[in-house]
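Pasting the structures here.
Look for chain A in each of the two complexes below; its partner is chain B in the first and chain C in the second.
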Partner chain A sequence: MPAPLISPSERDYITKSVQANLRADGRTRLDYRQIVLETGLISQTSGSARCRLGEGTDVLVGVKVEIGQVDIDSAGNRGKVVCNVECSPSASQQFEGRGADELNNELTQALERVLNGAQGGLNLEKLCIIQGQQCWVVYIDAIILDSAGNLLDAIFIATRAALFNTRVPKTIVQDLGDGQFEFELLDDVESAERIEGWDHVPIGITLNKIGSRYIIDATPLEELCTEAKLVVAVNRKGHLCGLQKSADGGIEPSLLTEMVQTAKSLGQSLIKQLDDQLEREEIDFNARRARGEHVEKLGFFAA
Partner chain B sequence: MDRKRIAGPELSVPPLFDKPQIVPQELAGEGRPDGRSPEDVRPIFLKTGLINQANGSAYIELGNTKLACAVYVLFFPTHCSSAFPRLITPPPRCSYGPRQNKKQTFSNMGLLNCEFKFASFSCSKRRGNQRDSQEKEYSQILSEALAPAVRLELFPKAMIDVFVTVLENDGTASCLAGAITAASVAIADAGLEMIDQVAAVSAVERSHHLVFPQRTQSFAKDQILMDATSAEEKLETGTLVVSYMPSANEVTHVLQTGETEGPVTVQAIEQCIDACSKIYTVMSAALVESLKEGERPRV
Partner chain C sequence: MQVQFLSPVPPPPPEPQEEDGDVSMVDGESVGINPVTPGQAIATDTQGHGTYLEGSTVHSSVAGMIDRVNKLISVRPLKTRYNAEIGDIVVGRITEVAQSRWKVDVNGRQDAVLMLSSVNLPGGVQRRKSESDQLQMRTFFSEGDLLVGEVQSFYADGATALQTRTLKYCKLRNGTFTCVPPALVQRCKSHFHTLPCGVDVILGLNGYIWVSKTTEKLPKGVEGRAAEEVEAEMAYSNKNEPITDHERETIARVSNCIAALARRFMYINDSIIVYAYEASLGFAVSDLLQLQVIRAITQEASAKAAMS
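Let's look at the complex of A and B:
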């Protein structure tokens, strides 16, 4: 299956509409499509979330925490984050067979680079159970169910929400003397805790440069017209946590600086909105459960 | 039984201490171990024509970072032959003749196929023979950084192969930067039409309050170190690689990791752009040099 092509007239139409700040679907350059976000859909995971952008892009992220060995290279007191992104062949014919390998690797590396390390926000030292021996490994697996542009932003939004939803079982470490330790897992669901620092997890904003201007949340047609892409990872404090250019085009230095600034303010306000919404929903959920009501998930057919 | 000896326990484990982060003496000071100032890059050695079999090649050294790059042009540009005097008559013993794009799909632009590989002995830890995910990613970055400079629209259905082998890694970010610089020179050496040369440079951002918590007072300012060695990279809080076309005034790639405040990164990008302009003169000199030797037989 060859990569999709775009006709010169379509390209011209999109480039001019970006210049005029009115896109084909009525958005301005810096508007997101409607974001649908739901957490806790998958019971087998420690935390999960699904993010849908408009009528298209659909990403499901499952977080699983498992006990693993501490890396010997590091100080021996850190947990690990392992990311994986997979494009489901059902999303596009292009992803069939080995077609998605390159994209999978690109998205996985982009996610891993931002989340693995100090800039990822998660307090990895708290994930260590016994120093030098065992720790929690946070596996973040994203599946692209439907692809209609701007995959990476959707992955980041869903990952952040899934980490909000993640609960890690409590452990009690016993000192057996002689420098030997043993730990016990508490299976009490209520005592399981969030991973410390989830709120410092950054999100990524992808800016697509079309003509001399740039847009966010591009549709597939707009992505085909994109000369250069800039992914900017921003956390709640407005700090930059990663910056990467992709696609086959260049950016002038002055525009680059402007794009970074725009992404920073956009990212910060988006994080705030998402956090408010997630927290409001959780309070609502807990209140309804306390009243003994059955809370139904919207599931996969949510708008 | 020897009663004089104190019998230890049968099983013992080394004690665990709260290890303070050990900063090697030479890295703890204000200066850099090799006496460079923070904005200095390491001396660069750049020469074309290392690999005879290739249509174009370049070898670059950035201090101890050493890498080789070869470009194979798998097409025969009849329609724009005047621009490619070298390619009209392919070298007689050239192992690569004109070839079609290996992928079966049609592309109305030429494809830039980059392969970035760390030699298995190049890093402190041995690398496998198979390309790992980091190498695959670097390959992709390399092609994205070079694509804006090469006039790919001139060769539909064709493929340009760029192979980079890192021989010695003294700073992973500098390997990527060196690869972009060398590949750009190698493509020019192969005689392909380009808009401009792409120069690349790496930098690390070091927030001293993170590395030396006890010395916040004297190291309040974040430092940007250009072209860091691997010893300096270990202490970084963020790395940055910028590739830039000086004449066209376009940034072709940016890759930043680590958490920084916005202004620091913006300043670092500006510093990198300045350094790229300096590297550009080295690249031009290397290409002029290769033309002077010009009449040397290729292959």
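Let's look at the complex of A and C:
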């Protein structure tokens, strides 16, 4: 990716194309690029997914569940989610050295705020193994392998897909009397279950305000023209789960309501299509395995 | 809203190779193409760039084409940064304004240099550059501006020096920017093309491509000023001309066609762009981002190119 600069004439061209509802690559304002998605491609994780937007943006998310200590300051009956997003220096020249630190923090915060809050969807109480002592900690690690705009949406999509793919081993807790507990992990892979509430996990829709209109799934050049950016987190039911505004431009109140409404309906249909795709992939995978075929994930051998 | 989820597809199986090696016959002429992959043993000659020595044999360290000069063997990688050659036409983006020079991003290993003394300034082609010109360098080119220029020479450290001394080299406007791997842009007589569909294309040899609306010949001299002078001023304009929706669509279609060709690793020149454009007319512009459409139009374009 070239240096993050844009010329005044390009800015003018993009702003006017957004106004004309025909963007530089022929999409309309509310079109996504093609999304290529695959789950379960890293065997060492509890769940993983790779999401690619069109030609560029490439995000790999791995979910790992580990046993950890319950937070003392909480009620003592909740597991936790720890997110980390890292931009690989190979994705862009800007990410070299310390260049990506700020962006890493921004993306990590955005993801963590949504997933760890009350609206995060995941049933954290179910992740607690022994009250006040041990719980499952869900580590969500995202790595940006290539960047061509709209990173956050791709991270959210990949995270939801990876959580769909995640299986947590079953535990059996034994009461040893006088407040002592012990638990046992079941090795049986088949008995491992998804984290309850994965289907309520929200996804983020980034709306970029350019001129007097807004677009989704912006390319890097379009992102450079963005006056104001609004990230709207929406869950399956179309409920608003988070709102974050960045960049220095302003948004008129009437436009803001419209943007949030659009994001809600977009998000709902995006989640629906995402879930359909995930289910299709799973059914296909199981069917082929049932036939006794050797199924391998394509992973990085994909064209 | 349009959104499409896809599963990844496996790469196409390798095409069967001819038994007698890697020399294919085109029009009765033998054309040697020697693609090699990393780690492939090549020869026992002297090793050059893109190779490493293991024992006494030279192996390729990159995927690319073999370049042989007498006993020196090197491999030119397919995906690489731009290696400038003198006389190349490049499209670049200003990254920095420095002491009487601009730094230009040309997709190379380091930024190219455009000296204040190698640009055309308004008000007399041959005039000396004064101190006041140095102070207003940003009015000519400022950070982020795109320009087309020519590679003039190299510095001792390998940096490229550019020049924009003729009127065809100027600041770019009225269009959109695309980036492809530099190896795909074919070296031609001319890199400024006006396509029959009413779109101008500048194919920078560095893989940066500018697609814009065709501009009519610049205005004749106004009010006694020489046409050249007006033109020189226009060369630094940041203002876009009015662009109709139809022109916008054609520009988008052409740049999507170029992206499609690049995606399928096909060479890029004016005629193949026209073929791809003609093949794309049956599809909506936004559909040109879809993989199956990309495959269809590039196949049709390459078939047409092979026929002519």
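Basically, the second predicted complex is superposed on the first by the 298 of 303 C-alpha atoms of A that agree within 3 Å, B and C clash if a C-alpha of one lies under 4 Å from a C-alpha of the other, contacts with A are read in each partner's own complex, and residues count from 1 in each chain.
Here, a residue touches a chain if its C-beta (ideal position, glycine included) is under 8 Å from a C-beta of that chain, and two chains touch if they have at least 3 such contacts.
Worth saying up front: this structure is predicted, and the values here are computed from it rather than measured.
Taken together through their common chain A, the two structures put chain B and chain C side by side without a clash.
Residue contacts after overlaying the shared chain place A:Asp12 against chain C, while chain B stays out of touching range.
Legend: residue contacts after superposition of the two complexes on their common chain; A:Glu281 is shown touching chain C, with no touch to chain B.
Look at A:Gly177: by the touch rule set out above, it reaches neither chain B nor chain C. In the superposed pair of complexes, A:Gln119 makes contact with chain B only, with no contact to chain C.
Of the two partner chains, neither chain B nor chain C is touched by A:Gly97.
When the shared chain is aligned, chain B comes close enough to touch A:Asn105, but chain C does not. The superposition places the C-alpha centres of chain B and chain C at an angle of 100 degrees about the C-alpha centre of chain A, rounded in steps of 10. In the superposition on chain A, A:Gly292 contacts neither chain B nor chain C. Closest contact between chain B and chain C, by C-alpha atoms in the overlaid model: 7 Å. In the superposition on chain A, chain A positions 2-3 are in contact with chain B in one complex as well as with chain C in the other.
The touching residues of chain B, counted against chain A in their complex, run 9, 11-13, 15-16, 19, 105-107, 133-134, 136-137, 140, 143-144, 147-148, 152, 210, 237-238, 240, 244-245, 248-262, 265-266, 269-270, 273. Chain contact summary for the complex, chain A toward chain C: residues 2-3, 5-10, 12-13, 16-17, 20, 22-28, 30-38, 54-55, 216, 221, 266, 269-270, 273-274, 276-277, 280-281, 298, 301-303. Within the complex formed with chain A, the chain C residues making contact are 1-12, 93-95, 105, 107, 143-146, 171-177, 179, 208, 238-240, 243, 245, 248-249, 251-253, 255-256, 259, 263, 284-286, 288-291.
Of all the residues in chain A, the ones that touch chain B in their complex are 2-3, 75, 102, 105-106, 108-109, 113-114, 117-119, 131-132, 178-180, 228, 230, 235, 238-253, 256-257, 260-261, 264.
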